[in-house]
Amino acid sequence: MYTHETRVRVRYAETDQMGQMYYGRYAELFEVGRVEALRSIGFPYKRIEENGLLLPVRDLSIRYHRPVRYDDEVTVRTSITSMPAARIHFRYELRDASDALLTEGETTLVFVDSRTKRPCAAPLDLVAALGPYFD
Amino acid sequence: MYTHETRVRVRYAETDQMGQMYYGRYAELFEVGRVEALRSIGFPYKRIEENGLLLPVRDLSIRYHRPVRYDDEVTVRTSITSMPAARIHFRYELRDASDALLTEGETTLVFVDSRTKRPCAAPLDLVAALGPYFD
Amino acid sequence: MYTHETRVRVRYAETDQMGQMYYGRYAELFEVGRVEALRSIGFPYKRIEENGLLLPVRDLSIRYHRPVRYDDEVTVRTSITSMPAARIHFRYELRDASDALLTEGETTLVFVDSRTKRPCAAPLDLVAALGPYFD
Amino acid sequence: MYTHETRVRVRYAETDQMGQMYYGRYAELFEVGRVEALRSIGFPYKRIEENGLLLPVRDLSIRYHRPVRYDDEVTVRTSITSMPAARIHFRYELRDASDALLTEGETTLVFVDSRTKRPCAAPLDLVAALGPYFD
């Protein structure tokens, strides 16, 4: 398993009138966690697209345990839980400053050839870079 | 089971550079479906809040079958699948003009007293209004 | 001058913890107004893009007179105030059910060739369609 | 004049199908710039609200000079251009890594008492903290 942490400050824009983060905006924090996890092993998502791949999301699930609030500095702990093949699976935890679990989530993304729009395999160098974490 | 349909036009703001709806924005279409389903049985969500209740989302899941694109007129089919008690459960389908299934989703929401911030029971008149659909 | 009206229901997603519409989200209501105004004269924005044009926004201004709130049904009154040439200018008013002015805004958009990414002239048939409103 | 800089990485969520930042999302980068500018002189916006004030936006203007793109690390240069009284005025510049000007913006915010919802004066300690920059 490969795990990476990044921190995100909650914006006013992300709150709703309930005084907490709007339930749809958590997906953006997961995006940040996922992108920074990929960057940390040498695969900025931007470069993945430049190399002719897209990574649309196939499924998403979120459990909201405790509210995330305005101006909170949230730790996004992102894990790649298995070797990517045609798909890549991410698990997310949002934690507050005292490491309390606020939110859990999961996504599956699919590798797609941006020209043909058809599914394809994970890039070999991504597989190679993740290899050491799954031995 | 109670089912309600409403239609939503996809905004440019909702697209991303992949040329489809950003995966986090689907939650807004589910919100629209849920709110219009509640309105259709006489419970505008605004009034629920005015009566001292909040309905935070407890969990969300989405399966993205086919991309939703800019300017599509999407039908949001929202179902309340069981009688609400401490929680209320919604199921969503997004369908295009030819009734093809684009997206499926589910949410669980919790009734919360807005003063005490503690869980509470579904309003009796909401339970009564839904009664006929679950006999 | 060409003026068109459309109505939009404010989403919970669009509120912030101040209990009103987040100031950045008004741009989406203007987008809806602009797109529906163009559609009403026979130019769905989607088709403009399919014909090889893009219409990026060059400038935006907003004056927030009164708060727009959750579940409000807002009328977006959109005006094209002069004949488009290299640019097209829109003016917006958001009004509540009693026609009170909530918000005013303006945008300038530029016609761009989507292949060359260079500015270009407004399509002749758009100019022709708007002609009668500026005599 | 008081000027502060902060850096923000552009999210995929913030792009649209034109392949650049959606014009309404720039307001969020300005929010980040404004909030970090206030924090840097000892006034986290969260504390302003806890002290019974709100700061709704009165007007916004943006000029989009060059597109802001996915994954760009943008510098938000925020300036408070005059001593706040009943209002506080901010000016923003977004600049890329080579200091090229991408976007300019301005906002005026109003001090409001959160109980009475009426305009009020800027907090004295905020005025005092900004004093040295306007001598």
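Residue numbering begins at 1 within each chain, and the chains themselves are lettered A, B, C and D in the order written.
Everything that follows uses one rule, which is that a contact is a pair of C-beta atoms (placed from the backbone, for glycine too) under 8 Å apart; a residue touches a chain by one contact, two chains touch by 3 or more.
Keep in mind that what you see is a predicted model, and the values were worked out from it rather than measured.
Engineer: Degrees of rotation, nearest 5, to put the Cα trace of chain A on chain D?
Structural biologist: Going from chain A to chain D via C-alpha fit gives 180 degrees.
Engineer: When C-D is set beside B-C, which has more C-beta pairs in contact?
Structural biologist: Most contacts of the two pairs: C-D.
Engineer: Could you give the separation in Å between the centres of chain B and chain C, each centre being the mean of its C-alpha atoms?
Structural biologist: Between these chains, centre-to-centre, one finds 28 Å.
Engineer: In angstrom, rounded to a whole number, how far apart do the mean CA points of chain A and chain C lie?
Structural biologist: Chain centres of chain A and chain C, defined by C-alpha means, are spaced 34 Å apart.
Engineer: Whole-Å distance, chain C centre to chain D centre, using C-alpha means?
Structural biologist: Those two chain centres are 24 Å apart.
Engineer: If you look at chain A, which of its residues touch at least two other chains?
Structural biologist: 12-13, 18, 20, 22, 24, 27-28, 31, 70
Engineer: Touching chain C in the complex: which residues of chain B?
Structural biologist: 9, 11-13, 27-28, 31-32, 35, 44-46, 70-71
Engineer: Quick one: in the complex, what on chain B touches chain D?
Structural biologist: Those in contact with chain D are residues 12-13, 15-20, 22, 24, 70.
Engineer: What residues on chain A touch chain B, complex-wise?
Structural biologist: The touching residues are 18, 20, 22-28, 31, 54, 56-64, 67, 107.
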